[in-house]
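To start, I am sharing the structure in question, which I have written as structure tokens.
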Amino acid sequence: MSLPAPLTGVIPPVCTPLGPDGEVDVDSLLRLVDHLVAAGVDGLFLLGSTSEAAFLTDGQRRRVVEAVTGHLGGQLPVLAGAIDMTTPRVLEHIASVTAAGADGVVVISPFYARLGPAETARHFRLAAAASPVPVLAYDLPSAIPTKLSADLVVRLASDGVLAGLKDSSGDLAGFRDVVTGTRHLPGFSALTGSELLVDAALALGGHGAVPGLANVDPEGYVRLDRLCRAGHREEARAVQERLCALYGLVRVGAGRMGAGSSALGAFKTALHLRGVIACPATAEPQVPLSEAEVEEVRRHLLEAGLL
Amino acid sequence: MSLPAPLTGVIPPVCTPLGPDGEVDVDSLLRLVDHLVAAGVDGLFLLGSTSEAAFLTDGQRRRVVEAVTGHLGGQLPVLAGAIDMTTPRVLEHIASVTAAGADGVVVISPFYARLGPAETARHFRLAAAASPVPVLAYDLPSAIPTKLSADLVVRLASDGVLAGLKDSSGDLAGFRDVVTGTRHLPGFSALTGSELLVDAALALGGHGAVPGLANVDPEGYVRLDRLCRAGHREEARAVQERLCALYGLVRVGAGRMGAGSSALGAFKTALHLRGVIACPATAEPQVPLSEAEVEEVRRHLLEAGLL
Amino acid sequence: MSLPAPLTGVIPPVCTPLGPDGEVDVDSLLRLVDHLVAAGVDGLFLLGSTSEAAFLTDGQRRRVVEAVTGHLGGQLPVLAGAIDMTTPRVLEHIASVTAAGADGVVVISPFYARLGPAETARHFRLAAAASPVPVLAYDLPSAIPTKLSADLVVRLASDGVLAGLKDSSGDLAGFRDVVTGTRHLPGFSALTGSELLVDAALALGGHGAVPGLANVDPEGYVRLDRLCRAGHREEARAVQERLCALYGLVRVGAGRMGAGSSALGAFKTALHLRGVIACPATAEPQVPLSEAEVEEVRRHLLEAGLL
Amino acid sequence: MSLPAPLTGVIPPVCTPLGPDGEVDVDSLLRLVDHLVAAGVDGLFLLGSTSEAAFLTDGQRRRVVEAVTGHLGGQLPVLAGAIDMTTPRVLEHIASVTAAGADGVVVISPFYARLGPAETARHFRLAAAASPVPVLAYDLPSAIPTKLSADLVVRLASDGVLAGLKDSSGDLAGFRDVVTGTRHLPGFSALTGSELLVDAALALGGHGAVPGLANVDPEGYVRLDRLCRAGHREEARAVQERLCALYGLVRVGAGRMGAGSSALGAFKTALHLRGVIACPATAEPQVPLSEAEVEEVRRHLLEAGLL
């Protein structure tokens, strides 16, 4: 299917269930997709950071996209990440995920290599030139050392290079600059990657949300999105605050683990406790949650009425 | 061949010559290898940051190692980088480069994914368990957001996980901590990645150097190493200072480009001007040096007596 | 007067007009205060970052507070910053500004000295114990290398140490955590220091705003605040977007100057162009705006209908 | 006395002993000065970071300089820090410490205020213009967010603005650039602030060292300096390695405290255990070492033969 322009609503970054052997558990993956579709989400984002794309081999990445697009049969738009360090490697991922059926690709600024702003712009231009489907930029300065500036996003959007932005920077003022700067481009999708500010991001003109926590509580985020669209701001705020409280589960393993592995471990543990996936394993070298930490995740789910 | 323990002397991180089409120029690569061997270097490091590993596809990476190991026929020890974000992807690279003949592999801490110290340690343990050849750690906090602590390196060395360290952090005090902390491990290789402090690193007990600038002036670094070993400190300092001045060429494109692409562009331009490689192209999305910048590189080479 | 609890509305961080000799221009300062009061602001914040507190000598700081409190005669609540590196120096500033009539003091985490979280907490406890008036914390991670965590703010608020927070971190999710975490404390003031997200900050429960740009357009911010309070969200958004566009003036000198001096120079130039202050000078070693940059500020003011 | 040009040898940054009430303990301060002088140090640096300058009120700072210069009577050159955020405040400190007898002042780049490189240069020019004694720059990027570039130091030195540099950045390659870049200026003093690389810094042409640990073991650093000057490199390395091991005491309280307070607490505890100062108290809000941590400092001193 072709990507809606703009893409709106809730587009969860889908976790990648793994077996105890570290291989993709396709059955669990499809159950997770069904769980999200049943909740009414508006699209799916595969191979993002929440999908553990940084850990998946090229073969595993391909398998994920093929399994999901085959299963969905065009029911919902599917974005796929092409996460790698620089252009030549990213172009290979774009070719692979679009061959496997992705309707849009999500590309991050170059990392590891230390490049300048002109080279970052060139990276996105080359990606768009090579991609048979629309390209969205991914701003994730907690993972890579550079922030994507609103100015650059607006310029690339105006030039037809970027079809959208997934902004996981936490910088809502910068997101606002993108929203107002692309208002004259009716197809541009401004998506927040925040779990905690969806109401605020939509209120200032954002089109949708890509919250990792939507794996755990997709109904919550769909409800939040619908309340925001209907202009029921106070009810939206209450739902958002409930989700903020639930989000506390990502800190269960923090300190002992990193911020990334703590969040991924908590999401997968919650999906396991909710009976959606068969095994909570995260990819190597991430360490699993301890029993006490699993209990704390359970407590969060109980408080949120999700168990 | 099996890796010397410790590995000593000058081990250049070999640039990867590319054609105008972005493909590996194997003829130029082998000419570059011959140029380094003729200068008396003590080993080669393929697929490091200076080799543009972050830009090379998996196919290109394999081709580089196969071409060089086939050409060398065991004359010199060959290290190869297995640079990627996390363990599963790194293990694939280790399998690939060792199948292609690498005598040692160089592994960096996980990046992009935000992990904790225990997970970094686990990453190196899994890499060493899977590798048929010794594993050296790579500390490059300018490329990834984490510094590898001396404590962790010493612990992993004592446990037989790490056979060495390539320290490109610029933190010579931390390097000293590794040197003194591994002195009881006679096979451990403490290598500096600095171009500018080789004399100092060897004086405090380091075993060797992996300077990117040695692509351009391998004789200079070999001479520096031999003077240091012979205890001719004042002459060594003079050679080191000459190399520090030459190193100014990495800043020729700075500002306009990033620190990484500016250095890579300057090294390749210098190799092209010296007649070693056929084309100075760097990988996408790096921008090339301007004509004026090429002239500035030429001036640096002339001043250093290299043209 | 005693500080309202909570403090609500628009509380501009008042610029400190200087003469060409670098001394405080008290006449201009009082004209600026009148300009703010006439616009309907709800309080004033003296000796903050926008007031160039980091540049003012102790004598100048005292003069500013005395002049303003004497002039206002209790009409409006007056906050004053006690900005310095560590506790003993901060306690001296607290004594000085409260003797001069401040109704509340604003204290930042220790900086320069590298302390731990327990020591940051102790700093605020000692400040509150020594202060005759309420203490608000100041979160400004662009100026000092540490972010004040929402957890610590909530804990100190619950213990009666902190009466409020001025959050200039740009991290609206963290601000939300403070707002929800202190909802059970009816007197706590959660104030945003953002120019760009006042509507969003109030919508999620914030009490007021301390925007530097309110020096230039106090009517704009007062109007924005009143629309937010009345629930006129769409009109509020339009006003906020107009102020975001005006905020572009802070980047007029960027590149050539730092982010701090560029903003301070632009605010003062705008106040000078609007006829409020006699001289746009900023404190040493800040460089002044060029003529072309002054013209660009003028253009911003014209576009915003402020000239 | 006038400052030697260049200043060479060991110039300890003198700790500021405090009583349990937080006031300067002048008797202990003068005993500490005698302990350093007796060890053969070549100068003293008052009101640096190790002196807790960031914690001392203006009155305390003045008292420290007056007490020490009065006690020394010109026996040794005395540097004093003028540590504050920006030029106007720094100029006040320069006036105060030079009135109290300092032979040179040490000035850091502006901090807190976010300024550009031209403004940093202007800051040093204004400081030098206002100072009756030579000005040395202080590079301490762990305390303030900016690194002083070698280029700027060399330019200001060439212009006669800077008489020297105290480099506590840990970036020995940058220090080398300053050393070679100022070799044509015979009076310029290139001093390292490192405890761990004094041998390396002197070997590459540095003039002296300002190591905080020299409070605890001044004889060790004087011996190291003399061995380096005499060209006894291997013996110097052994002494340096002994001092590196002793330096482990700064990490005794780390984790629980910050890196700054942990080091300051350890130095003062060691001076107290060695009987030099009456009380190990550090300034507020720093927390004291625990009994177990004091024992660990004692163990370090015993191992180093200092008890």
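Should a chain be cited, it is by its letter among A, B, C and D, assigned in written order, with residues numbered from 1 in that chain.
By definition in this document, contacts are C-beta pairs under 8 Å (C-beta built on N, C-alpha and C of every residue); 3 or more make two chains touch, one makes a residue touch a chain.
These are the chains along with the protein names UniProt gives them: A, B, C, D = Dihydrodipicolinate synthase family protein.
Bear in mind the structure is a predicted one, so any value in this text is a computation, not a measurement.
Chains that touch both chain A and chain B are absent from this assembly. Using mean Cα coordinates as chain centres, the one most removed from chain C is B. Separating the CA-averaged centres of chain B and chain C is a span of 49 Å.
Here the CA centre of chain A is 36 Å from the CA centre of chain C. Taken as a graph of touching chains, this assembly is arranged as a ring, one closed cycle with exactly two partners per chain.
Under the contact rule defined at the top, the touching pairs of chains are A-B, A-C, B-D, C-D. For chain C in complex with chain A, the residues that touch the partner chain are 170-173, 176-177, 180, 194, 196-197, 199-200, 203-205, 233, 237, 241, 244. Partner chain C is touched in their complex by these residues of chain D: 22, 49, 52, 54-58, 60, 83, 85-89, 92, 110-116, 118-120, 122-123, 126, 142-145, 255-261, 283-287.
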